[in-house]
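Same chain, two partners: chain A is paired with chain B first, then with chain C.
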Partner chain A sequence: MVKITVDDRELEVEEHLTVLEACIQNGIFIPNLCFLKTRHHPHASCRLCFVSIEGYDRPVTSCTERVRDGMVVKTNTPEVRALQKSAFKLLMSLHPCHPKICPTEKPCLLMRIAKHIGVGLNPKPLEHIDRGLPDLVDFGPLYYVPNRCVLCAKCIHTCRTINQMPLLTFAKRGIMTMVAYFDGEQNTSICANCNACVDVCPVAALLPKSAFTSSVESRKA
Partner chain B sequence: MGEGRKDIEDRYKALKNKVQEELEKEKGDGIPTIRVTMSTCARAAGAEETQKVIEDTVASLDVTARVIPVGCLGHCYAEPLIIVEHPQTGFPPICYHSVNAGKARLIVQSYIKDADPAFEYVMGAMEDNELIPPVTTFPRFGFEERIVMAHCGRINPWDIREYIALGGYSALVKALTLEPEVIIDEVERSGLRGRGGAGFPAGRKWRLGRTQKADRKVVICNADEGDPGAYMDRTIIESNPHQLLEGIAICAYAVGADTAIIYVRAEYPLAVKTIGHAIKEAETYGFLGNNILGSDFSLSVRIFQGSGAFVCGEETALIQSIEGRRGMPQHRPPYPVERGVWGRPTIVNNVKTLSYVPSIINQGADWFRSIGTEKSPGTAIFSIVGNVKHPGLVEIAMGTTLRTLIFDICGGIANKKAFKAVQIGGPSGGCLSDAFLDTPIDFDSLTQAGAMMGSGGMVVMDEDSCMVDVARYFLDFTQKESCGKCTFCRIGTKHLLDILDRITKGEGQEEDLTILENLARDIKQGSLCGLGKTAPNPVITSLRYFFDEYVAHVREKRCPALKCRSLTAYYIDLDKCARGCEACVGSCPVEAIFTTKGRKKAIDQSKCVKCGECMTACPKEYDAVRKVSPPSLAPIIERPHEEKVKEGA
Partner chain C sequence: MEAGKHNANQLVTEEEERAIAEKLPAIFREFSQERTNLLPILQRIQETFKFLSPGAMRAVANYIGISTSEVYGVATFYNQFRFHPPGRHEIKVCMGTACHVKGGDIILENFERKLGIKEGETTPDREYSIERVACVGCCALAPVAVVDDKVIGYMQPSKVEGLFLQFEIQRKIREGQIKAEAS
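Moving on, here comes the complex of A and B:
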């Protein structure tokens, strides 16, 4: 066990933990979208979990930093908040927020983060970017909603853990990067009884077709 | 080591003697040798045809001459180059430039057959002599200081014997007789810094590699070279592959690796072929493979062909790609040197970094430190492109100023234009203004100025370049090459690009400038890997050093360099336009030019697509077409009524 101080609170935590895990375990919320306990190596792609640590000249991602005895962490300095707000607005410039039709349980993780860091759900002053992507992409027994996806890769990792070779992968580059599905009869039948990726997706970008029909209907209505 | 050491040295000496004898014999009794540059750059300039014509002419004239391919001399503006040795004439080896098929025929006829060196085509002699001014009197040759490129363009990259005859692989022989720690000490003392971008001390990386406890370790030579316009690594491989292989072998011996992988992009077919051939030759001669030169050190070297994503040059993405995964950077630590390819400790070094190693082992750390600056010893290798008179590859001592490089070595700005900016460090380097011309070229000075050494790409721009447009161009590249993993780089660079796009179209708002500045700063701080951390550099530096230009675009809708299409217009100066001249009319692809009442010409602004053809077509003595910004400066001239009616009919 090591002692660390987070926002003036002293914590005693297990020493192999990352700062993010240590904080979560102690009820201290740090915005995060891509952290997954089961990952050996942090994906570190959402860039929301910044904290400032004494001795570092700039904020660092807390999911990649291991606790050390005597570490002094601050989760809400102006520099940390500035980066978090910036990253969040970037995500919201692609993610259309339609609370009425979004099947996430409210408040969704994005709402929670927005409230925590004190911003709205719009990307202002950034413009919304329309990438011209389809609303829905067919993933065998699932639908993928590319505009909702925040590319946290939790789905890919989870699927890899279950099936050794993931049936999901990243495709394309840059702003067009998306999750893609290795289609095929065998895969379709594996997925039909699984849905693990659906459960782990933080923004309802993956949905079983059956569940989705109703929300599409409700949008049409 | 006693016994084994002598064995290795003796074996090498015998080999070198044998090779030198063979080469002497092939040279025969004064047979002329014609060396033709055959690197990718020379081939693009027609070297293959030149070679063929030389061979055909030699055959048809019934003379004897050996035609030998060599790599790149670095003078890409003068390619194809040939170097002719004709011992019987008493002339030194002579270099000829821009040798097209016609020139090639004449040179063979005049020099090889008639012993007259055809002085009108001579660039210079390759040695000091009394007869022909040597190329070293050219500022380009004179200012350069070559270590890595010393033999480039002079030896046959397809014949290991030429490298051995010059003492090649003697550094490996020396290394094999030393303890690995001694080699690492030497490399560390030399101060050699990685030439792939970040400038990390090579010796320190090797020591970290050495101390890793693992049965198997890997050396990776990074030859991904994804920067547009940069081609140093390709050229070095194509021109002197054995120097690189020797460096790789020394590194592997020092860190304790048994495998080396050369990661070359598949778009470099000639480099792939050259290095593949060199590996086979080196194995045949016992410099690679099992029990190298009879020692107990073995190394297998293989080539991995990358598929050409810029981000795959980043070491963790490169390793993912070798493992057969999507090339996406990973958070470090663990660093590759702790856990790299297939989980093994992996030492990743750039082509240039490794190519310095043989010279350092042979000539010592103090010699290396005597070149360059205190913190950046050795030389810098740049590929210089853009608006300079003599673009090409240059190797100069670190600490040389940008001014010397651009004006003395590369001949200054082409077409009598003025210097505007230089972009250093590849697509994510910075744009520096003339205020920085006296900056010494070294890792720290460039970083301090907001640019970076990068892997050595340099683009020189003249007064006609719009800095907003230049920033937009580079962001377009980095944005497309972002691996898409992390938020700042994937989405942030797209916003930067969109805003720059708007500004160049004259749709920029005042607040866009603040957004650009803040977003660029956040992307730099917040991104996961080096691509995102450096991608905003062109924006940050152009905002810092060319802020006026941004302001002109946003507030006055004016492009000071007259570059941005939406912000410029062409018109015809009626005072200069010659009555009856029709030169521009036919050149216009959209029939925007009409005849005025005074029988002069004018441009219908609603039709003009701003291609600039009319400006080129207008005869020099009239010079009547003008380009202005903002477009409102172009006088509006009504089409005469009759013509409109005619058109309508």
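Moving on, here comes the complex of A and C:
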């Protein structure tokens, strides 16, 4: 066990933990989208979990930093918030928020993060970018909504963990990156009843066809 | 190019997939079953068939022993791979620096709108395919399109229209000839 100080609160945590895990375990919310416990190497792609650590000249992502004895962490400095806000705005410029038809449980994780860091759900002053992706992509047993996806890669990692021959992957690159489904020689029935990727998705970008809500259907029509 | 569930499925017939599948073992023999060979194999397949069919990607995955989705992910990452068979008329629109400055993207959009497909795709009748290329080396003629290996400089939307008029006439003559031979 090591002692760390987070926002003037003294915590005693296990030593192998990352700063993010230690905070979450102690009820201190740090915005994060891509963190998964089962990952050996943090993806560190959402750029939301920044914290300031005493002795460091700039904020660092808390999912990549392990706790050390005597560490002094601040989760809400102006520098941290500035980084989180720009990362969040960039995310929202590709994620049009339609709370009425979005099947996530409200408040969704993005809403909680917006409230926590004190910004709106629009991308302002950034523009919304239309990547020209389809509204809905058929993934065999699932549907994929590219414009909701925040590319956290949790689904891909989860699929890889469960299946030796995963069905999900990132396709294309840059701003056109999206999750893709490509089935192999094996049949897709392993996928049909699993839904692990659906459960792990923070933004309801993956939906099982069986539980498909009429809201998306009406949007498609 | 449509990612996700591959819509080349609709374009590539089962016969074509079978024809490709028959020739794949000969290609595979040139490479050992290691994942470092993934790109060379994909390049070799594209060299032979001009595109990567879904069946070919499945076969590659099987050969190297990795998942099909991984093959697809790697292949879509690189611009050099295409997932649709080329059309009878191959349209390449230059997106190099000079052409970009001179509005190459407008020309590309013209072609895309005219044919109802995106770059990297082929029309369902297999007549036309559109591709974007980096630089064809004649920047003084920007914006440039290469249609069936013929370089067309100073592209304009009106030239796009003219081109298709010409192709449609050719097509009518061709189909007329087929009818004449049949009767």
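The rule we apply is simple: the second predicted complex is superposed on the first by the 211 of 221 C-alpha atoms of A that agree within 3 Å, B and C clash if a C-alpha of one lies under 4 Å from a C-alpha of the other, contacts with A are read in each partner's own complex, and residues count from 1 in each chain.
One rule holds in what follows: a contact is a pair of C-beta atoms (placed from the backbone, for glycine too) under 8 Å apart; a residue touches a chain by one contact, two chains touch by 3 or more.
Quick caveat: nothing in here was measured; it's all calculated off a predicted structure.
The superposed arrangement places chain B and chain C next to each other on chain A without a clash. By the touch criterion defined above, A:167 reaches chain C but does not reach chain B. The larger set of touched chain A residues comes from B, when the choice is between chain B and chain C.
With chain A as vertex, the superposed Cα centres of chain B and chain C define an angle of 50 degrees, given in steps of 10.
In the superposition on chain A, contact of A:36 is made with neither chain B nor chain C. By the touch criterion defined above, A:181 reaches chain C but does not reach chain B. By the document's definition of touching, of the two partners only chain B reaches A:93; chain C does not. In the overlay built on the shared chain, the residue A:138 is in contact with chain C alone; chain B does not reach it. Minimum Cα-Cα distance between chain B and chain C in the superposed model: 5 Å. Applying the stated touch rule to the two superposed structures, the overlap between the chain B and chain C interfaces on chain A comprises residues 169-170, 172-173. Residue ranges on chain B touching chain A, taken from their complex, read 309, 326, 328, 330-331, 479-488, 490-495, 498, 511, 515, 518-519, 522, 525-528. By the touch criterion stated above, chain A contacts chain C in their complex at residues 132, 134, 137-140, 144, 146, 163-173, 178-185.
Within the complex, the chain C residues that touch chain A are 1-6, 54, 57-58, 61-62, 66-73, 76-77, 118.
Residues 41-48, 50, 58-59, 61, 64, 82-83, 86-87, 90-91, 93-94, 125-127, 129, 150-151, 153, 169-170, 172-177 of chain A touch chain B in their complex.
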